[in-house]
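What follows are several structures.
Note that chain A is present in both complexes that follow, paired respectively with chain B and with chain C.
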Partner chain A sequence: MPWFIVVEQILNGLVLGAIYAIMASGLSLIWGSLKMLNFAHGEFYMLGGYGLYLLLLYTGLPLGVAVPICVAAVYLAGWLVERAFVQPLLDKPGWDVSPLIATLGISIVLQNLALRLLGERIQSLPYFVEGTLALGSVRIAWHRVLILLVSGLVIAAFVSILKTTRLGMALRATAQDRDAATLQGINVRGVYAMTFGLSAALAALAGTMLAPIFSVSPWMGAALLGKAFVVCVLGGLGSLEGAILGGVILGTVESLAVVLWSSEWKDVVSFIVLIGVLWVRPAGLFGTREW
Partner chain B sequence: MLALESVDAAYGDAQALWDVSLTVGRGEIVTLLGANGAGKTTTLRTISGLLRPRRGRVLLDGKRLDTRPAHEVAAAGIGHVPEARRLFANMTVRENLLMGAFRAERWADREATLERVFETFPRLAERRHQLAGTLSGGEQQMCAIGRALMGRPSLLMLDEPSLGLAPNVVDLIFDIIRQVAQGGVTILLVEQNAHLALEIADRGYVMETGRIVLEGAGRDLLEDAHVRRAYLGL
Partner chain C sequence: MVKPDRTPQVIWLAGLLVLVVLPAVLPNDYVVTVLILCMLHAVLASSWNFLMGFAGIFSFGHQAFYGLGAYVSALLAMRAGLDPWLGLVVGGLAAAALGAFIAVPTLRLRAAPYIAIATLGFAEIARITASNLVGLTRGELGLVGIPPLTDVGPLRFGAGSRIGSYYAMLGILALTVVTLGWLVRSRVGLALLAIRESQDAADSLGVAVTRYKVLAFAVSSFFAGAVGAFYAHTFLVLTPSTVLSIAIMIELIAMTLVGGAGTLLGPVVGAFALTLSLEQLRVLGDWRLLIYGAALVALILFMPEGVMRRLLPGRRHL
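And now, the complex of A and B:
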């Protein structure tokens, strides 16, 4: 096999990995602070993809406007879901799994709503930028380069928000000790809703960027969600570094599996990697950590 | 300044406070004594709004505190150093302290307040970039007190600040509590070390099984036969 195909696949793997990392950090954020899994995470990704598809179809807004609109709208959707369905179920003794089940219900409702309103036809979107970057024999679509750049920037911005801003620190404080955060005057319920919103916004951004590559359908989020869970467990639930590194590892391994064996085997390979890592490090690469 | 009127409180079905009434006057140091499980921590949590009273009222300067959301209690001027310190273990000392100044009106001059807290606790200044979870017990207690001071409270509540600390560190912490009180901050101090607490307190209350059983001036309680037998080991 020519070497440049392997290099191309590694690059494609990094692109996929960047998206996994964004999806998984959103899940990890919610796990870290609300200590629950969010099964509707894939549907926030779908809303991002569909939102962009509909905006481009009906308004013809430029991408630079349409994508931020989608991300902001899904932030609100996430915020609303937390306020309306998750918050009332938190803190009920003996109801520990109910918020998780509620998100599963929301996932089913959103999928079927999309199916009912938009049909089961798989829609496709054009690449954000046409053309291909050629470095010698290695070729990669500019759209994928863009995904890498945007993902890198967004993750860096996200980390710096968490580390340096007042609200970012409040979010980490709430995740680490909710009562102590309350004593500092932090409205933890507000922080929870904001956390859900941020997490949903990250998923929506991933959805808009991947829509041209994977196309848009009511089930587009479900498949990716499984992968995002794998990444979270691989990296260590609740660890941001783990989500990022785990995403990049899984994306690269899958892409290499496609060239070395075949695309049917890529999921098998990714689960073998997961099992292998858990064998050696049961708490994931970075261990289960708090923010 | 602070008044509890006939407060009952419970964790689920387990009632923890029965008819607790107490007052803390402006500028006073008041201590709450009692054995483990007597309801001292629960009393502080009820004042902070982490626990809602089943009955009775909590008043601050005549205004009801128990009907407001817990996160607004800090804004009302109450600083709470919780039992076991409850620092944000994966955040640095500096970040922990900054969280004490989270409220918008304190955030603006957080750096100036931070400098003052570092003057009070030079040790914390040296460790400002260290994760709070890696501090020694005494340093953690300083960090917890510093965090509460970052909110510039008018009433500071401390829950067992001496717990698990070496005697010389306890002396240091109590010196600082005295200093803070001299700076005009009212203090409500929960302690198991009755001797230490009554030494610095103007007044004290004694709690047993969720009820207040005795109250009096610090000096009088030191002389009280029951207190001497049950809490001072004399």
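And now, the complex of A and C:
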């Protein structure tokens, strides 16, 4: 096999990995603060994709306006879901599983709502930028380069928000110790809702950027949710570094498995990698022991 | 002396009685088939609940055991002429072996999401393998020509006679509930509860944590595998997406949690309630899944501890 095909696949794997990393950091963020798994995360991704599709279809807004509108709208949706369906369950018996069922129900509702309102036709979107970048014999679509750049920027911005701003400090304090954070005057319930909103916004951004590659359908979130869970666990739940590294590893492994073996077996390869990592490091690559 | 509380036993006996006479009152193939599915889901949910509700091991790969039992029994009956009744046991044992095998790498994992994703990984490997090994399983084309259960006395099985399957399924359900109920109240159950509440405390008090966890996996997988084999010899077609899909797992979680995890009655009640309501919602056509999802959200918002604990509060053994 020519070397440049392998290089191209690694690059494609990195693009996929960047999206996995964005999805997984949202999940990890929620796990870090609320200690719950959000099964509706894939549907926020879907809402991002559909939102962009509908905006482009009906308003013809430029991408630079349409994408931020989608992301902001889904932030609001995530915030609302937390306020209406997750917060009432907080501090009640069965918290270890009840939010899982609640978000599962929301995921079923949103998927079927999309199916009823928008039909089961798989819709496609044009690439944000046309053309391909050629570096010697290695060729990669500009759209994919754009995904890599935007993902890198978003993740860097996200990390710096978490590490330097007052909002980020409040988020981290709440994740570390809820009671202590409350004593410091942090509105913990407000922080939880904001965490959910941010996480949903990240998923929506991933949805808008991947829509031209994977197309838009009511079920587009379900498949990616599974991958995002794998990435979270691989990297260590609650760890942002873990989500990023896990995403890159999974994306690259999948893409290499396709060229070196076959596309039918690629997921088997990634699950074997996952089980192997957990065998050696039971809390994932960057996980702490308590979790 | 405190009078022992007999309410759960009364509920079990009343339920059994209703299920025994129902086909005589309502001799309708559709009703009987739906009830078979209810009982099948009840066994699956109960066996998953044994692992999750009693031992606290949040497995997300129960469909692997169900599917493995189904494929092993079906293939052995087709290729080696194994009697399907024996196949139920062999399918169960194959699943139990896989369960014990999967238990080992997941033993070191503590938090629920890690265990969930690792077990899901094994289940997905099983599903992908079953759909790719087209020579053996015919993949998504479906394995057909599976022999039905052989007739026993007056009970007829196979195409066009659902009554035999109905009573066989009822027997399997009763056997499952009695076995799991006995295990839960025995030393094993106490050990598992101790591990669920605090693994470190149980370990320090001399509970053989590893052995009990592997045992819990094996028992739970055995029932899933056996009922998977029953599915294969009753509905006579197998595809990876019907017996190995994550959708099964998600339904089981919903059934168990709606009924009440960590109780014996909960998963059975949840399985009947959700299976029947999904059937009833068919009149709503395409809207039924939407309503189903909304109902799940409402149920968990208003009864986060499960229906059975809400209906019968304050009882330890349900």
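As a working rule, the second predicted complex is superposed on the first by the 284 of 291 C-alpha atoms of A that agree within 3 Å, B and C clash if a C-alpha of one lies under 4 Å from a C-alpha of the other, contacts with A are read in each partner's own complex, and residues count from 1 in each chain.
By definition in this document, a contact is a pair of C-beta atoms (placed from the backbone, for glycine too) under 8 Å apart; a residue touches a chain by one contact, two chains touch by 3 or more.
Owing to the predicted nature of the structure, the values given are computational and were not obtained by experimental measurement.
More residues of chain A are in touch with C than with the other of chain B and chain C.
In the superposed model, A:Ala180 lies in contact with chain B only, and not with chain C.
Once chain A of one complex is fitted onto chain A of the other, the partner contacts of A:Ala66 are absent, as it touches neither chain B nor chain C.
In the superposition on chain A, A:Leu225 makes contact with neither chain B nor chain C.
Once the two complexes are overlaid on the shared chain, A:Arg166 sits against chain B while remaining clear of chain C. Looking at the shared chain after the overlay, A:Lys92 reaches chain C, while chain B stays out of its contact range.
Once chain A of one complex is fitted onto chain A of the other, the partner contacts of A:Ala40 are absent, as it touches neither chain B nor chain C. The residues of chain A shared by its contacts with chain B and with chain C are 93, 291. Partner chain A is touched in their complex by these residues of chain B: 12, 48-50, 69-75, 80, 82, 86-91, 95, 98-100, 102-103, 107, 147-148, 151. By the touch criterion stated above, chain A contacts chain C in their complex at residues 31, 37, 85, 88-89, 92-98, 100-102, 104-109, 111-113, 115-116, 226, 229-230, 232-233, 237, 264-265, 267-268, 271-272, 274-275, 278-279, 282-284, 291. Those residues of chain C lying in contact with chain A across their complex are 105, 108-114, 116-118, 120-122, 124-125, 128-129, 132, 246, 250, 253-254, 257-258, 261, 286-287, 289-290, 292-297, 299-301, 304-306.
Of all the residues in chain A, the ones that touch chain B in their complex are 93, 166, 169-170, 172-173, 176-177, 179-188, 289-291.
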